[in-house]
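In this document, chain identifiers A, B, C, D and E correspond to the written order of the chains, with residue numbering beginning at 1 in each.
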Amino acid sequence: MNQPARRSRKASLPPGTLVHVGRRHSQSTTISLLRYGPEGVSQTDDPGDQVLAGLAAGPGQAWLRVQGLHEIQAIGRLGDLLGLHPLVQEDIVNASQRPKLEDYGAYLYLVLKALVWDQDAGDYRGEQISLVLGRNFLVSFEESQGPLLEAVAQRLGNGKGRLRGQGADYLAYSLLDAVVDSFFAVLEELGDQVEAVEEVLLANPGKEVLRRLHLLKRRALMLRRAVWPLREVISALERQEGGLVAASTRLYLRDVYDHTIQIMDAADTNRDLLAGLLDLYLSSVSNRLNEVMKVLTVIATIFIPLTFLAGVYGMNFKHMPELEWPWGYPAVLLVMAVSAAGMLYYFRRKKWF
Amino acid sequence: MNQPARRSRKASLPPGTLVHVGRRHSQSTTISLLRYGPEGVSQTDDPGDQVLAGLAAGPGQAWLRVQGLHEIQAIGRLGDLLGLHPLVQEDIVNASQRPKLEDYGAYLYLVLKALVWDQDAGDYRGEQISLVLGRNFLVSFEESQGPLLEAVAQRLGNGKGRLRGQGADYLAYSLLDAVVDSFFAVLEELGDQVEAVEEVLLANPGKEVLRRLHLLKRRALMLRRAVWPLREVISALERQEGGLVAASTRLYLRDVYDHTIQIMDAADTNRDLLAGLLDLYLSSVSNRLNEVMKVLTVIATIFIPLTFLAGVYGMNFKHMPELEWPWGYPAVLLVMAVSAAGMLYYFRRKKWF
Amino acid sequence: MNQPARRSRKASLPPGTLVHVGRRHSQSTTISLLRYGPEGVSQTDDPGDQVLAGLAAGPGQAWLRVQGLHEIQAIGRLGDLLGLHPLVQEDIVNASQRPKLEDYGAYLYLVLKALVWDQDAGDYRGEQISLVLGRNFLVSFEESQGPLLEAVAQRLGNGKGRLRGQGADYLAYSLLDAVVDSFFAVLEELGDQVEAVEEVLLANPGKEVLRRLHLLKRRALMLRRAVWPLREVISALERQEGGLVAASTRLYLRDVYDHTIQIMDAADTNRDLLAGLLDLYLSSVSNRLNEVMKVLTVIATIFIPLTFLAGVYGMNFKHMPELEWPWGYPAVLLVMAVSAAGMLYYFRRKKWF
Amino acid sequence: MNQPARRSRKASLPPGTLVHVGRRHSQSTTISLLRYGPEGVSQTDDPGDQVLAGLAAGPGQAWLRVQGLHEIQAIGRLGDLLGLHPLVQEDIVNASQRPKLEDYGAYLYLVLKALVWDQDAGDYRGEQISLVLGRNFLVSFEESQGPLLEAVAQRLGNGKGRLRGQGADYLAYSLLDAVVDSFFAVLEELGDQVEAVEEVLLANPGKEVLRRLHLLKRRALMLRRAVWPLREVISALERQEGGLVAASTRLYLRDVYDHTIQIMDAADTNRDLLAGLLDLYLSSVSNRLNEVMKVLTVIATIFIPLTFLAGVYGMNFKHMPELEWPWGYPAVLLVMAVSAAGMLYYFRRKKWF
Amino acid sequence: MNQPARRSRKASLPPGTLVHVGRRHSQSTTISLLRYGPEGVSQTDDPGDQVLAGLAAGPGQAWLRVQGLHEIQAIGRLGDLLGLHPLVQEDIVNASQRPKLEDYGAYLYLVLKALVWDQDAGDYRGEQISLVLGRNFLVSFEESQGPLLEAVAQRLGNGKGRLRGQGADYLAYSLLDAVVDSFFAVLEELGDQVEAVEEVLLANPGKEVLRRLHLLKRRALMLRRAVWPLREVISALERQEGGLVAASTRLYLRDVYDHTIQIMDAADTNRDLLAGLLDLYLSSVSNRLNEVMKVLTVIATIFIPLTFLAGVYGMNFKHMPELEWPWGYPAVLLVMAVSAAGMLYYFRRKKWF
């Protein structure tokens, strides 16, 4: 996930050539058009070329949803009908983009990256969403049919919130908001896991903690890198001059901008905490090594000299007068006891146990 | 505390929906209005809708205090009466905001975070305070009935200081000052604990020091993150153009701005000190390991060869001529003594003890 | 590769003196001129001085390719014919430049660095490409005859893409794009290797991992340093004022600029991952040391006291009453068994194994 | 020293309340006035209220020195006579300020921090000096009667240098210069100690080196933090617009500004050196541990197997045919010698000694 | 070299007092004047006061070289004749300056630092060069008679390059170029040594590597700190407005500016490499410790239990039935062999050898 998708097979092709870069999906590309206004919503699946060419003219606001990006011909024809620049068409089908905003005068082109849980990989995955925002229409390109934009579509359908009464720029804001909310979910899970690791670490730091720390660090890094460029996109959208974004929508964009700041702040806090936890882990490993060595040293230092003494009186020399003494054995035992007690006293004074 | 409050249950709701995010409080929401001017102060508890709607019109300055944020309907009705933007209402009841200042033309919306000692958690806790500053009124929203703003209210009540003679902007400054002072208390306790840990560390670095270092680092981090956005809020308030902040108040805001710089500076110093202390701790752990190993090595290196020698003459071979020699035993003892002395000399020269 | 080529032999020479700094190539310098326009392409190898002097005048667009830079006289004469500033001539033959863009009014001078795999060195190598961009001509200087610009020349030859219909600035963009694409290849290989090392590290971290980590870190560093100045060059080219870059080309430059951002972002991610992997490696080394020491300590701590006990009853004192007892031997064995069992219990409780 | 003085007892007091924050001094507050011009200097100790109120009017330049800050009433009355803003008065008596410059139109308020050796604490101490610079007067507030400003007063007294012929702004510069010179003394001592530690470290790194490194790191940190805000103060003073600083004085301010850059640069160099020395120390500790372990391992690995062999032939089995062999004993000795030599050869090849 | 020269003896002197700060040189101060133009060069050693006072008036361009700075009276008189500001005079004789550029209207004052190999110290040394650049004259002040500027003087003498045909600003550029070239020599030697250390480290990392790493890190740090301010000086000179720097010279200044960027880039690369090498070294130390411990543990863990077993049957109890068994001895040997083989199998499975 940290690596960009394979771009190298694009090398040495002329720019503007449409090449799908991203995961292969079996599902086909579907296109549906939602026209809406304060009075209601009407949906047209698979609209004809004439409808598409007249997208900007039609009554009310229009949201054209494109799902699935690997049918390059379909995307290309759609792009030509909408009058999109070749570079925009190229970027739409290339799912390895960074979030960005580009102003083509008549329309704005936005690339967003949502974080979506990938059941198969057991990790989050970046899901690229491209938006083309015109004066009264919005075209969204999704890599696959995910639930992310579906919630906004439902809100539009049942007329909740302000969506129907506002322009396409407010719809774009709503989609941005949905993407940012997807980061909050990741962030909260990250925070929970950091706290869980911290508790484990303070209680009983085992070896598997290290791997969990590594994975959490990776995820915090990933989150930060995902939010950072999005923040710039939102900021650029808020400051956009050219009439495509209404003044009333700017307030909402500032709000979602604050959310990205909040996410980055919390992600940074988590990274700092994780760095501190790694230090803590390493220190406690050192500490345990110290303890292990102390045990070994205490035992060895007490018994090795005693064993030597026993070895001396186990020698088979003919002439060893001590062996004949009646109190020789008790005397040696006494010497041993005193020596062991001295050692113990020494270690106790050094606070080794 | 480092984690933002649960925001995820807000996901997929339309923006502007009021959802209380924060700790649950049992106490109900209380509203009280203080009208004041140079001549005196009058308090109205639980003011009626008419009074609230005419807040900006009334004579003198008005301070509307709202305590307890989980009665969403009450907050919502109040917000509508005061003409607050839906996003402001949403942020007021969402206690997971970062400090910020937003200019809505007719009023400024400020979010502050004070640090309050939480007896139950045994740690500091961020207490969100929202301020709405109009031309001659200030509305404050507190999460709970804490002592933080109470001191300012008392000063207003007994007429001490300049509060009564100044506008609502000066009152806002006073509240900001109270919040910043709450950081100084945290900072000083932090400084005391860092010094205490340093003394312990230089005297006798035990294992519990590590955990204290970790907790202090966390707190310094928390303090810095709390002050950083507040600094920007104060700076933005000082530079605010639109007549809501008087020139005379700007001097005071610059003063409280300097305080935030001072706090961040001291928090950074403490973080640097803590990083140095962790290094010191790890080094002293390494040093002690070194010492432990030296003791073990000296003892083992002296006695292991001697034990071997004793073992040789403890063998039961029939033909071991040394065993028969009359001076065999003293000769072996002599060899042992010389060998031990040589080892000791070697270690002494290597400065191992 | 990280060291600049030997510049010191240039010291104390007057500036503007042409000295070839770079690898020596046996091949001679070849010059070929491609004139192109929407209607077609014509190639002239080894054009005469008159043709060169009239480069800017001629019909359509001109691309003058110079390959091989060590024939200083030839480069110098060419530079004089084209009216290039002495400093530009000096920089063209000095292959130790950083990427840069310099505006000489009548033309722009660009230095680029592509990364090319060097089979002999077994590592990537920076290949310097200098571009001189005039109103309707482009001169490219390559260190050697590599495949990098060849792809663009072929695209020009077979008329694919927009190349023929655009000006020399678009050709310059195409060469920039080819250079940036060469970085994507390096980046992807780097990403693959980082993932491979991560898998090895989590499975069975051996000693050779360290060296691989070191080499990968070096490469990520190299990549970042190569892309960083290139990014500034592209940005300066996009903002260039003076009519040498058409507005339509700026869109393409912004696109390739985004690619450099993407590369730097991924290179940084890889560096962070590698730093994390080094931490992981060091921690696992510490962990294994800990385990080794535990094994030693458990064995030594159990058997050293037992050996001592055996040593005591191996002493040859005449008067050792225990030796005579009929149950002496079993009793000692029992004591030994109990002591060993106690030690094992102690270590088990300490979770040493 | 790194901790700000106790500010918390100021909490919940209205701003502008004078509270002395700082070390308690027994000495009383003394005030003396120096009027000077090209023709000479006249000193008035303890000037009356009328003299003070007319400070700005009087002939020539005036320097009012206030020493000792804990007599709050005296400072307060003086401040009112001079027309100082309540916040300025509050900051003068609060010795926990950071260096700063505030422009009150009619006068500039500067806070400086000199570093003074504190004999009792055995460390440097921050000495706060507040300056109020008017058109033709300067008021200095010192925490105690130290030698720092005395040197400038003497230069004024004996007419050396340009002091008498210049305005109060040049006097302010001279005081700033004296403060910055106090940093140079600290810096040079720091540099000497870093070199001394480096020599000790390369020769014979003992345990006390660690504590010295820690203290030096602290001091370099302290120095940097003291100079950093001072630099901003000088820069702001140089750029000050409003006629209080003459153009001729700006050159001198730029000079002292360069000195602060120089100090910070050297302090940073010392910090980098200290970080390098800590690394060096830790590495040499690891190295010594390695050596200790090698000695232990060589000795133990050679003798433990030999001791085992001796133990085998010390067993008391009835049927041990080797014991009867006439060459048994020499054969065992030979086996032992060969085994020891093999071990030694193995360790030598591994370069363990 | 990292420490600034002793400045403290300047403390409490009035600013503008000339005090020589730097190494003492025995040689006296020599002054020589070179007047040059396209037609030729004329040299006057030890020019009279009249000549010096008329320096700016005289025909063509003038280069006044001053070598040796400790004759303070001579420098002071010269400075007064040339009309140099007292602060400039003070800085010229104080060899502890940082590189800087100061604009005094009629002339520019530049301080440069070249790196010169000091045979006695066995290290590089900063050599301060001060330049005073007027409309048609340049005054250079060197600490001693070194070869650095000599090369430029010779080029001027034999008329090579563009020197004679250009103004004093081009001469200043040539001196700057010579100073920057002195850094390239240091950089290349640094690069060579880093590569040498890397090879040693990967082959056989001994203890002396650590000290070399430390010294190289110090040198890279020194180089960076020397180049950083020089870069700003060149940049300020290029942007200088006031007619002292010709437009044609700016191109050359931009070129030398690029060289400083190149040096800093390479110095940073070397620092990163050195940091990586230190990590590598520390890791390999840990690895070797691990190996040593494994050898010890394998040997001790195999033989300690065997020795214990031998000890048991070396006990002298009367009633030890095993000792009487005819197969007791072989049985014990078998048990020992099986136990040793089991241990070996265990360690092999753990991949310890």
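Just so we're on the same page, contacts are C-beta pairs under 8 Å (C-beta built on N, C-alpha and C of every residue); 3 or more make two chains touch, one makes a residue touch a chain.
These numbers come from a predicted model, not from an experiment.
> If each step moves to a chain the current one touches, what is the fewest number of steps from chain C to chain D?
Each step joins two touching chains, and the minimum needed here is 2.
> Can you work out the whole-Å distance between the CA centroids of chain B and chain D?
Comparing mean C-alpha positions, chain D is 26 Å from chain B.
> Can you give the whole-Å distance between the Cα centres of chain B and chain E?
Taking the mean C-alpha position of each chain, the two centres sit 41 Å apart.
> So which bits of chain B are touching at least two other chains?
Residues 286, 289, 293, 296, 300, 304, 307, 311, 314-316, 320.
> Which chains make up the ring, in order, starting at chain B and heading to chain D first?
In ring order from chain B, with chain D immediately after, the list is B, D, E, C, A.
> Which part of chain A faces chain B closely enough to touch in the complex?
Interface residues on the chain A side: 151, 155, 160-163, 173-174, 177-178, 181-182, 184-185, 187-188, 191-192, 195, 202, 251-252, 254-255, 258, 261-262, 265-266, 269-270, 272-273, 276, 279-280, 282-284, 286-287, 289-290, 293-294, 296-297, 300-301, 304-305, 307-308, 311-312, 314-320, 351-352.
> Given the complex with chain D, which residues does chain E contribute to the contact?
2-4, 6-8, 10-12, 14-17, 85, 87, 91, 96-98, 100, 102, 204, 207, 210-211, 214, 217-218, 221, 225, 278, 281-282, 285-286, 288-289, 292-293, 295-296, 299-300, 303-304, 306-307, 310-311, 313-316, 320, 322-324, 326, 328-329, 332-333
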